[in-house]
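Each of the next two complexes has chain A plus one other chain: chain B in the first, chain C in the second.
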Partner chain A sequence: MMNTVKISIRQFTVLVMFYTIGTTILIIPSSLAADAEQNAWIAAIVGWLLGFIAVGLYILLSRLFPNMTLIEYTEKVFGKWLGNLFSLLFVIFSFIGASTVLFYMGNFMTTQVLPETPIESFTILFAGIIIMGLRLGLEVLARTAEILFPWFLILFMVSTLLLIPEIEIQKIQPIVEIGIKPIIKGALSFVGTASLPLIVFLMVFPAFVNNPKKAGKAFIIGNLLGGLFVIIITFLSISILGPDFSERNMYPSYALAKKINIGNFIQRVEILMAGMWFMTIFFKTSFYSYSFLKGLAQICGLKDHRPLALPYGIILVVYSLVVYPNVVYMMDFDSKIWVPYALTTCLFLPLIILGVGTIRGKMKK
Partner chain B sequence: MARKLFVFISCLLLLFPLTGCWNRRELNELGISVGIGIDKAEKGYRVSVQVVNPGEVTAGKTSGNRTPITLYEATGDTIFEAIRKITTISPRVIYLAHLRVLVIGESLAREGIEKPLDHFSRDHEVRTDFFIVIAKGSTAKDVLKVLTPIEKIPANKLYLSLETSQKVWAPTATVTLDELMTDIISEGKSPVLSAVKVTGGVEGQSQKNVEKIDPSGRLKYTGLAVFREDKLIGWLNEKESKGYSYIRDKVRNTVGTLVCPEGGKIGVEVTRSKTQVTGKMNNGKPQINIEIRMEENIGEVECQIDLTKRKTIEDLEKSAEQKVAAIMLGTIHKVQKSFKVDIFGFGEEIHRVDPTAWKTLKQNWDEQFTHLDINVKADVQIRRIGTVSNSFHKKEEE
Partner chain C sequence: MKIKKNFSSQSGQHQIMVQTEPLYESLDENIRKIKEDLGSSDDIIIREIRIGREGSVKVAVLYTDGLADKQVITEFFMESLMKKDTLIEPIEQLSDGDKRLESLKGMVLQIGDNKDITDFASLYNSLLSGDTVILLDGYSQGIAASTQGWQSRSISEPVAQSVVRGPQEAFTETLRTNTSMIRRKIKDPNLWLETKQIGRVTKTNVAVMYIKGIVNDKIVEEVRKRLDRIDIDGILESGYIEELIQDEVYSPFPTINNTERPDVAAAELLEGRVVILVDGTPFVLIVPTLFISFFQTAEDYYQRADISTLLRIIRFISLFIAMIGPALYIAITTFHQELLPTQLLISLAAQREGVPFPAFIEALMMEVTFEILREAGIRMPRPIGQAVSIVGTLVIGQAAVEAGIVSASMVIVVSITAISSFVITGYSMAISIRMIRFVIMGLAASFGIFGIVVALIALVLHLCSLRSFGIPYMSPFAPFVVGEHKDTIFRLPHWALSSRPRLINQKNSIRKQMSPPSKPKS
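Right, the complex of A and B next:
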């Protein structure tokens, strides 16, 4: 296969970071606080560490099959029919992922910012940019990430610095009260939202990265950085809003930004802070979409996935409107169904591929 | 050419979705509410909203004979319904983002404030930076009806008064919505809110009130309201409220009185105050140690005392230590005896140091609280005595 598209190591790192932060920054403090209460930040750290296992697995897979995408080697390992069946599972996962993330974006806007505007106007506009990105291709997306990264960093640093005076350390005490179980549960939901969906990068990595040797390290660093941002937000949310208020808030990060008040002068800046997750959500949706389109194209044996982008976008918008019938369904799905679903598709499936692939490789020798 | 035309047309089309006018609400369509009062109605709630009259608060061209604010009220089964119903009497939609104070009427507070508060935490327009106060001995509506001098907007006066008195006088508590909700839910701390009182009856309600040098109608903060879970159960007077502020480490600056050894009084200013509350499990029994460190300056001397001697200052420090300990213990005993709820957050302290013991203690914490072992230790340093040394009283009398 000809790989004319190449992205640099730095671009790849930033992409992984943005993708890890994704919607995690918006929703995870709340679900972590629900499980681990004042120890949510510990659960976040545990989840962050568990995330390395997932990334490690993906790197192992890529070592086994350099220059191939997930779809290609699934087919190689399992043959055409079984392979395509597994690939289809993965492709559907990407599609559901993309539409839920798009819904989060729209739901956030209609709940918090512009409640009277119909959700369609946000999802259509947002999907418009995503389609544009998909049609322009991977390189353009990667360069966009590189350009937006400093802006993200500035927003994040400013919001963190402005929030430091509000921290009340008593709110995270007592530190060791909650047992292991809730922490693991919280950590799993962290992994499920932040790290496991990184599987979509197996469509890009290592085949489309210009320095495959260093790409593994970049993958880890990207995940590490992204996780760090989420841990900081979780910590701030617990120590400023308290575990109880974080849990009840649908979007604790936004509630946090509302708290910013420096001398009654720098205040009400939350919508600027929302700019942070617009960036990260854009990349999360884009890469879910990219892996869906690329995957579908490869399953069907198409040379180029780009012509599929526009029809895909239309379906995505419609599906994002029906993927969750209401917000309570969304919360229920996220806390009960998403984690096992992500574990199946993003952990067990690659494990099987890795196992069978290794055995087959050895048999050939 | 075709491409250029295409780009041009798409740009034109994009103007429509990108104007951002879908949800627009111009400033002159908003009824900016600064204060909200909630009272009990026969069915549901009576909500009174203090709305700014923009023409009267702008600098420069005010007509002068209209009030700076207007009060609208409506009743409804829910708060949400009542607020919307106000549009039948108000020309503008009530806009809540600039809310400064939420006043809750005493009779509603006695029945519980949990239910009416939900709307304020759920609605997207409401922020959490306003203060919540209880109208002592009146309805919330009466509180919002009083016109105030200096601050044209009464809700602003309520906000600033509370903030300032907390800063330099201490026996008030600035409680915001998120803090209140956390306290209501907490098993180891019961909420308190500041109480506000209306004086002067109906005279405060007309523009005439602010035309006088000494307005007859006034709004005044008087101590704190004590809650069991979300129900009002009693009041703390000013001195007890101060004790509460000391224990919760909310005192930044305040003024106190000391008694001279030979009669007469000395006024002192507390310039620094830091309280540390630590919990401990002592032979299976919870114990609370309160340690307060204060720095004071002497601000007024009304007796014969020789301030130039080191011994005098040491004695004064001792008597100040006893005084502040007595204030705190007085508050604690009052609350233990009459209210039997832990408003000081001692339960949370125990929770922090011994989570396992807390699991059994929290079952009947309020009961445990009434005979809790509490030790108070005070350390007062008098740093300065003002711009003069001994008072001129002495010479006069000799």
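Right, the complex of A and C next:
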């Protein structure tokens, strides 16, 4: 039964898009502004372009091993022990990813929206729907993404359109004043948050997509769309809030939505805009979790990952509370550790698999 | 409930009583057994008569008073049996039993539809369905002639699903009338009908209707399988069948639609769906059903396309108001006051000043009051209706506000929510939405908009996991099928609706080939 689950190209594209946007839309403008100042939007574009290298790598991997998941071909390439060791690295990456995203969610709610509510209540509630999604399976998650996509699009379009009058173009000037290096640094953090974690899709791509030939294109389009949304938000926050305020604010896109004011009637609608982040964060956490559970199940040789969902959810909630002891640690981790960590797991590891896989494939011939 | 239990405890005995025992040869013995088995019920009429010129052939005519048409019996049986003319003559001369029966059937009975009976089980079945049974002395075989004719409600206007424009007839309680109403709309030899009896005690006729060649055979097969699986003492309404054959048991959402309109049933048949009719109820079931079906009415196809589209959009807006209206009010007044323009906020705060309850309790009270009033309005004897509506207006209205129990704005929110829930065309869907509303209200009271979004994501997850007879419940939204959006939220003109829903039937999907009507060339 497990192998008959297939998602369509459209669903896959939407999922990739949601996943790319994920938490990126909430936090990346801030870290980009820290690195590249008023050129943050250029850094975002560069990062976006660099992201295609990662996606290209994943597509190459999938061409090499069609009908297999990352875990399966890691084992095939490196044998049982070494393969499982590498797989474990990937699975742990997914788990850490999921818990950090859950923490962002809770932290955002406690610091910005409902300061008096304990963070646990948000994470538990959110983990609840993630467990529900995991138990219902990949197909249902994909369909949910399809239904929520137009809502996301409407919210995004409305917020963007309403923000256009607030743009002050002088805030992004002078362009490319600070040189290339900060831009590259910013771009790397963009890649680290938005593109590299796309490795989790190697658990569904291309084995669970109903048209593997077109799936590569869908992967690229999803990443392209997702990146585009993030670039727009980055541009808006720099040009409206200014680089300085964007940098100091932890959630600049939320501050951005506060700026909306149309005829003193449509104003302070930031919480409605937050609705779209809840959606994207849901999909990001769900997919980290999905790849973790699926990966763990495959390493352990289990047929079905669903029974693991509930215990996993409980552990996830607890771990999300300890993964970052405090916000300072979070900022430090995100800017210094996360990018190299993501590069190791999501770039070098697949590169090694690709290299060894290709050599072994050629040797067989 | 109690009655039902009694039934099922007796059904064991019942089973033993109605065994497939063959008929006896002796007429007296047969009659004795029938009287014994049926407890000499008064409405079972047994007439023993002697026919033939010398009255040497003993015959018994049995029918159920009230179920069989007396006029038919008198005209076609009694008269021809009793008439001592030449027609009867050969009967005495024929010694062979089969021949006697044959001649009885062939010459005496002018009723078209009759069948042979050899055992008691089928005898009771025929007798209690309104057939007239004729037993001949000396032969372990009888004839059952179709004489059904009982008092039933005539065809009337639909009560639950009325339209402004469109046919004004509704199904009745009689299965045969209902099938004929569909047949009258679809005169195609491919409209097939399968009937089976379900219910150990009630033996209710359940008919499955579909158009061969359009319907997906797998779905018909699935319907058959699920109907055969049913083992219950009685089916009194199609709701029994619905609950017993639906895909997902633990879901507030109905995965089987029902209608009392023959035109809707015909339209669904044409889309390749299967219609299940149950004797004794005007509500027929339609499978497979999609979420979207509950927001469409028959009239959408009778009005002009643009009007229908507008009405459908209004229905969807109503869905959202009915579902999250009070929750949004609670969330905004409790947590997100900044959303409101200052003027409005001040006036809201002034209204709420005298109200001692938090918004959630206030909303909960009003919603529960409304649900009670609504329920009372349905169940109550009709003449009292007036009284309740007066009291109701006072409770959800000025008096409640003046007493300082609720704020005026809450009254508005509850009223619009209530009205919106009645706009949803599927009654069973409206009930589900009302139920979910309370859950979302609770989440909104604790987490604000975050709670609402979480509830909505959970809701969408659940909806996407549902299937109706194997068809994804949320299609054509998820999985998204571009071609089918011409008849979901939008209703394109009829000339554009050229194909049937693809997920429901894979073959024969072209409905018509038409180009838009063109103006006469001048």
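Heads up, the rule we're going with is that the second predicted complex is superposed on the first by the 363 of 365 C-alpha atoms of A that agree within 3 Å, B and C clash if a C-alpha of one lies under 4 Å from a C-alpha of the other, contacts with A are read in each partner's own complex, and residues count from 1 in each chain.
To be clear about the criterion, a contact is a pair of C-beta atoms (placed from the backbone, for glycine too) under 8 Å apart; a residue touches a chain by one contact, two chains touch by 3 or more.
Here the structure is a predicted model, which is why all the values come from computation and not from measurement.
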Contacts of A:S121 with chain B and chain C, given as first, second, both or neither: both
First, second, both or neither for A:I232, with chain B first and chain C second: neither
Chain B versus chain C as contact partner of A:V318, first or second or both or neither: neither
First (chain B), second (chain C), both or neither touched by A:N261: first
Partner chain(s) touched by A:Q112 [first = chain B, second = chain C, both, neither]: first
First, second, both or neither for A:P174, with chain B first and chain C second: first
Touching partner for A:I92 - first (chain B), second (chain C), both, neither: neither
Partner chain in contact with A:L272 - chain B first, chain C second, else both or neither: second
In the superposition, chain B vs chain C on chain A residues touched: C
Contacts of A:L241 with chain B and chain C, given as first, second, both or neither: first
Shared contact residues on chain A - chain B and chain C: 113-114, 117, 121, 125, 268
In the complex with chain C, residue positions of chain A that touch it: 8, 10-11, 109, 113-114, 117, 121-122, 125-126, 128-129, 132-133, 136-137, 140-144, 146-148, 264-265, 267-269, 271-272, 274-275, 278-279, 282
Chain A residues touching chain B - in the complex, by the definition given at the top: 111-117, 121, 124-125, 170, 173-174, 176-177, 241-242, 244-245, 248, 255, 258-259, 261, 268
Of chain C, residues touching chain A in the complex: 335-336, 338-339, 341, 443, 446-451, 453-454, 457-458, 460-465, 472, 474, 477-480
For the chain B and chain A complex, residues of the former touching the latter: 17, 22-23, 121, 124, 127-129, 178, 181-182, 185-186, 348, 351-353, 355
